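Next come two complexes built around chain A: one with chain B, the other with chain C.
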Partner chain A sequence: MESTVPLSFDRAAARKVVQAERRRSTLIDVGVTLATIFAALLMGFVVIALLGKDPVRAYEALLTGPLTRLGRTGRWLELATNLILVGLGVSIAFRARQFSLGGQGQMVAGAIVAALIAIYVPLPPLLGVLLPIAAAMATGFLLGLLPGAMKAYLNANEIVSTLMLNAIVLRLYDYILTFHLKPQGSETTRSLPVQPTAQLPTFYELLGVDLGRFNLGVVLVIVGAVGVWLLLERTPFGFAIRTIGANEKFARYGGIDTRRVIMLAFAAGGAVSALAGVHLLLGVHRRLFLDFVGNIGWDGITVALLARNNPLLVPLSGLFYAYLLVGGDRVEQQAQVGSELVQVIQAVIILLITAQVLGDWIRAWRARAQVEV
Partner chain B sequence: MTQATPFIVEMRDISKVYPNGVRANEHVNFAVRPREIHALVGENGAGKSTLMKILYGMERPSSGQIFVRGKPVSIHSPHEAIALGIGMVHQNFMLVPSFTIAENVVLGAEPARRRLLDYRAAVEITRQLSAQYGLEVDPEAPVEAVPVGMRQRVEILKALYRGADVLILDEPTAVLTPQETHELFAAIRQLVQSGKTVIFISHKLREVKAISDRVSVMRNARLVDTVNTAEVSEEQLARMMVGREVFLRVDKAPMRRGEPVLQVRDLEYVTEAGVEMLKGVSFNVYAGEILGVAGVEGNGQTELVEVIAGLRSAAAGQVRLCGVDITNAPPRRVRQAGVAHIPEDRLTNGVALSMSIAENLIVDRYERPPFTRGGLMQPAAVAEHAERLIDQFAIRAPDGDAPVASLSGGNMQKVVLARELSSSPKLLIAAQPTRGVDIGASEFIYEQLVRARDNGVAVLLVSADLSEVMSLADRIMVMKDGRITAVLDNTPDLTEEAIGYYMLGVKRMSAEEIAARA
Partner chain C sequence: MEAISVIFSVAFVAAVLRVSTPLILPALGGLISELGGVINIALEGIMLVAACAGVLVSVWTQSAWLGAIAGVALGMFIALVLAFFHLNLKADLILAAIALNLLASGGTIFVVYLVTGDKSSTSRLVSGQMPFLSDFIPSVRELGDLGRLLDQNILTYAAFVLTALVALFLYRTRTGIHLRAVGENPEAARSVGINVRRMQYLALLLSGMLAALGGVYLSMGYVKFFARDMTGGRGFIALAAIYLGARKPLGVLIAALVFGAAEALSIQLGNLRVPTQLVQIIPYFATLAALVIYAVAQRQRALARQRAFLQSRAARQV
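Here is the complex of A and B:
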């Protein structure tokens, strides 16, 4: 089959132009994101000043807070590890345009199942870590599979089902912890610590550098980010996920088993999100207690959105968001600015970035500038 | 600076560079006289839609000037275009499907009483406009429930309601049946009678000859020439567009018919609303033949194709491919059984706009080598495949990484055609395969369909264009009201009239006769 349609169009030249323009547009994207962060910070600065607080001090705390002491740096990195893992998980379903909010439940469920092994089963060193990790991933997988199947085969709204599931898992967690895992006669509601062989060593334990509870779980981040990227961009399953996210009718017409792929996308995301739970258990707290996960499941969603569900950007957005959270804590302590205000500033930053307002302005302005040539 | 001018619209030295660097218009001079029908023709991607979007304020030109009634203007939005009396009906419709026709017509400039939409007034306005210009619509029907031809009239009414004097129609006939086209032309003539000016884009030169007063030809982002329609032939126009002779005639070798590939038995289909669209349809398509389906649109052809392709579920009956039962199988299994499908509605089903051309070209084969090996996708193979198809089908795109959304309408169609025609199927279903593509590409598609047939593929061709069916098909099956009314051998003595009788239901073959031939 050879071309019989002559093309009165110089493709080589067009290609050169378009490819150059693409490179430029990546640079613009980076520039725009940095400018957005800067603009948002500026807005927060003005707000604080208007409220009669000392913005310079507040900003000093916000911007340098996580770096002022090694312990705080450790807190930042440890929190980022959690957020990134949940964010990676969440981004998988999001890419199929499925709004799965089950990260929180998947983390908690993963942590319970991992805890049963890590606390009660003595295992040799490496296996002591790997087995709980595998168990948590399997649990997260199943916990994603359920709302995934409900969405794919019964068309049950995934937002509702994942939220319900979160609520159920959290109740169940409290129940199991209080009535089964809490040792007899203990005053605080918490489990026994995990076996020594199940611990993810901290960098203090490893190298003597006191980065608080920041631990070897960071390996999960690296493996996770690369793994999710490979899954989405280099496997046929990931291709199917992205195609469904782009146009589900087209995916079905093209011969993709959309139901199965949607269901498995939820499940795969659950397996990755559960890693955050196991990291908390084996590396950070080393036991279970009430309100063990805090807000991480939700903040992880923000992290995924900030990274526009790009697994290679999730680590960056996770580091950024964790920095804001830890810096925010410092602002409260140092500048006597209430935590609400800190949250407002964080929200402004997140909103501006996700909405890409500034990006649109700049693009519009550039287009106009081009027109006037 | 107002000057005396014979033109109602004049675009001078217009250039347009899209943000991705593509030059879509270069130094274009385009002028339209009042009360004329001005056709704009050119290959897919020549820059016609871009030029018209600039006039309608949807795109800003990179340079150049626009004059409306002799006054220089700069049009920043469709809103401003409308204020200048310029209206446009797009290549891809822009109506709200769940709203009624009346609501769609007045949308954006609603008659209101106490700030509420005055629905009765909207219906009345629509009815009046409809009568005035001979554009028949049902004002109270929701848009999603009416055929494309009527949707088109809604778009036109909408522009007229907002006071358009100059009406731009971007490929209005691409989605119309010959009958609907005929009606549209009558309406256009009436519009011109009442003082309107019409700019008309089409790839069908026969239509251009039939309706327009003057023609402007675009080629490769430039406007080559504007001529009086009466002074050029279709062949001359084609040569101006493409730069060579184009033959839409098909040379076919004698048919070598093989085993039945597709066997359809007693197929029934009922819509969600309970309308019976297919009533006991039975036929075969054999290896090595093209079976053409003729019929006035809306007589079950679309449903037939989509049931076979797995996009709709049959109420009864059986579909078998090479003996394998694929009745109501999902599209995945239908494709695995060896079916390729060029869908009629290519922009809804046929492409993912935000994905790259390369990705769109592998949606039916991404799991197979060479695209996936050892569980991993092979970007190099995907890119190479895209390069090859872009070349073969002359898809006007810089490379395979460009998103489909950045292509011209006709080039989006070509992406679908390239994928389906290159999938080496056993059965190729081609629904309206040349809609929206230029004549050069139509010629190429004809060749590809015939080549597939000669290689032993069974081809099921559905087309609203009777001459297309007659020049390609070996046998012609006519559908009317969800039934097969005739199956005819496409012998040289078969005439359009003969088929027309069956299409309109004036004549029908006996059940035995059909069974013997189908």
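Here is the complex of A and C:
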């Protein structure tokens, strides 16, 4: 018997249906994320109230803190710049379902290589900034390539290899700073400042608006977010990454050189994460010192996760996360435990967001409702 | 020369045992979870919570043992939360564990502040300490150098005994073999009737217990107080020891001792104007190398198995 199903169908209509469904799915994700954030904040509120402290005042500090003074707003934006850059880098490898935790090491390595140029090589204005940036990206690329190759070609656990590389880089950084970059006879362990031509100017220096150390490095965020989005959504390489993330076996059967793509996804992520290190060096601190990057590498992972590895949402989640951190510092000044409480709230948010079941439940419930109609 | 004489002193070996204990215990836990296919990245957070709970409960009850029990119980509870989120709520194992580490770091400081009004440590409180060998056999102290070597905390002894027990469990008991089967190939394990989820719960709970013991040792053996973030990345070094030790109990024990020796050495060399950072790097490099060697060996073995299978099939067809 011959098939009676028509072989041609309205492609445009089908595409519209698929796109609408995808939009709704994204909306559910966003809704779940927002609900999670709200639930975690509510939990923090209850905890503060139970401690006999004034939760309203604490939350006022948390939620308005970064906006109460221009300097604090600057601190918020400066911190967000770092978190977004690491978050963008992390999201590339995460999109291919590779757990590269190497952001911290890539930042530090990028900063130190950039510092060698920015401190010791006098360069003309524009080049003075661009060359350290390029050097940092190249360093981050190589530092991502190594665990990427180990994972792709040898199936070596990427979590352990990236953690090891972080540990190695941090100690090398300590060593180079203490024994080579620290000027003779200096009391504190820190390097010389970068050349004037290598500085990313702050907005105070540019426009006279005192936004603290918030600087022109924010351009990196815009270029980075759009660049990573283009890379993931509009190039064959990005398509390969997304396909691998969805189903690695399918990608391989579909003719994608999965090993090469996985390796390069690690490397590309490293290059972007290193931008955060160079931003810290040229824009924020303008020299190296011990514990230069703090916890930014880890926080960047959270930022990528909150944005569900969507490069266009990473800036939003980075702004949100940095807002919480700076607001937490404000609560700290009033209730003494603000930053820890914010840390706990962050942890609860991540934990709830990773629980995939929540979104799935809503989708299943919707699907059932549709069937019944 | 000075460095060499340091390494061969009894005091140094004793120091290695002391600093290795909080690496051996979580590494054994990590090994069980890794072999069960659910690697526990939250070892660090579990240690921290157990260290904190142990100290506070020992202050409250005036009993080191009750403190230790509470620490282990709470550590296992964190592992249970991780297992529940991963196995029931389908949360990503790595990300959920990162969240728990964050929770442990913030939560312990928060609780310590509530109890003591001080955010940095509990050193103002008088907390318990797990006994040393000399608490049971006082004459150990009279043995001179040997005495100093033997007079370790009971949790240090426990670390060595537990290495043997973990090896027995993983290779000589039915449950242990099932657990490893689940880690090796969950579908195959399920097809022969093994309850995969239950095995992975077990793996994570055991890893939580062992990591918690390591945490209890840190705050109630190695020192007698809890300090913020006092685990200092030991949970992650323990993860490295699993791979440096080729995912075998004895290998993990030796790897943890190597990491401990590097740490003890860098403490000693701190006085000798040698860059300690470079000494500390050695075990991390070794782990990277071990990771590569292990992966290559694993592949060779798989290829050999494949070849043997094809040959046997060819032989049968002839």
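Assume the second predicted complex is superposed on the first by the 308 of 373 C-alpha atoms of A that agree within 3 Å, B and C clash if a C-alpha of one lies under 4 Å from a C-alpha of the other, contacts with A are read in each partner's own complex, and residues count from 1 in each chain.
Operating definition for what follows: contacts are C-beta pairs under 8 Å (C-beta built on N, C-alpha and C of every residue); 3 or more make two chains touch, one makes a residue touch a chain.
On a predicted model such as this, the values are computed, not experimentally measured, just so you know.
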| said: Applying the document's definition of touch, where does A:T36 land relative to chain B and chain C: first, second, both, or neither? | reply: neither
| task | Tell me which partner A:R11 touches in the superposition: chain B (first), chain C (second), both or neither. | result | first
| said: Just to be sure I read the superposition right, which of the two partners does A:F239 touch: chain B = first, chain C = second, or both, or neither? | reply: first
| If you stack the two complexes on chain A, which partner ends up touching A:L305: first (chain B), second (chain C), both, or neither? | second
| request: Examine A:V160 and indicate which partner it touches, taking first as chain B and second as chain C; both and neither are also allowed. | output: second
| request: Go through the superposed model and pick first if A:V344 touches only chain B, second if only chain C, both, or neither. | output: second
| query | Taking the superposition as given, does A:E21 touch the first partner, chain B, the second, chain C, both, or neither? | reply | first
| task | Going by the contact rule at the top, pick out the chain B residues touching chain A in the complex. | result | 17, 19-22, 43, 45, 60-63, 219-220, 242-244, 309, 311, 330-332, 334-336, 341, 343, 348-355, 359, 363-364, 366-367, 372, 375-377, 379, 390-394, 396-399, 401-402, 422, 440-441, 443-444, 447-448, 451
| Touching chain A in the complex: which residues of chain C? | 39, 41, 85, 88-92, 94-96, 98-100, 102-103, 105-107, 109-110, 113-114, 119, 233, 236, 239-240, 242-243, 275, 277-278, 280-281, 284-285, 287-288, 291-292, 294-296, 298-299
| query | Which of the residues in chain A end up touching chain C in this complex? | reply | 51, 99, 150, 154-157, 159-161, 163-165, 167-168, 171-172, 174-175, 178-179, 298, 301-302, 305, 336-337, 339-344, 346-348, 350-351, 354-358, 360
| message | Applying the document's contact rule, which stretches of chain A touch chain B when the two form their complex? | response | 1-9, 11, 14-15, 17-22, 25, 230, 233-236, 238-240, 242-243, 246-247, 249-257, 363, 366-368, 370-371, 373
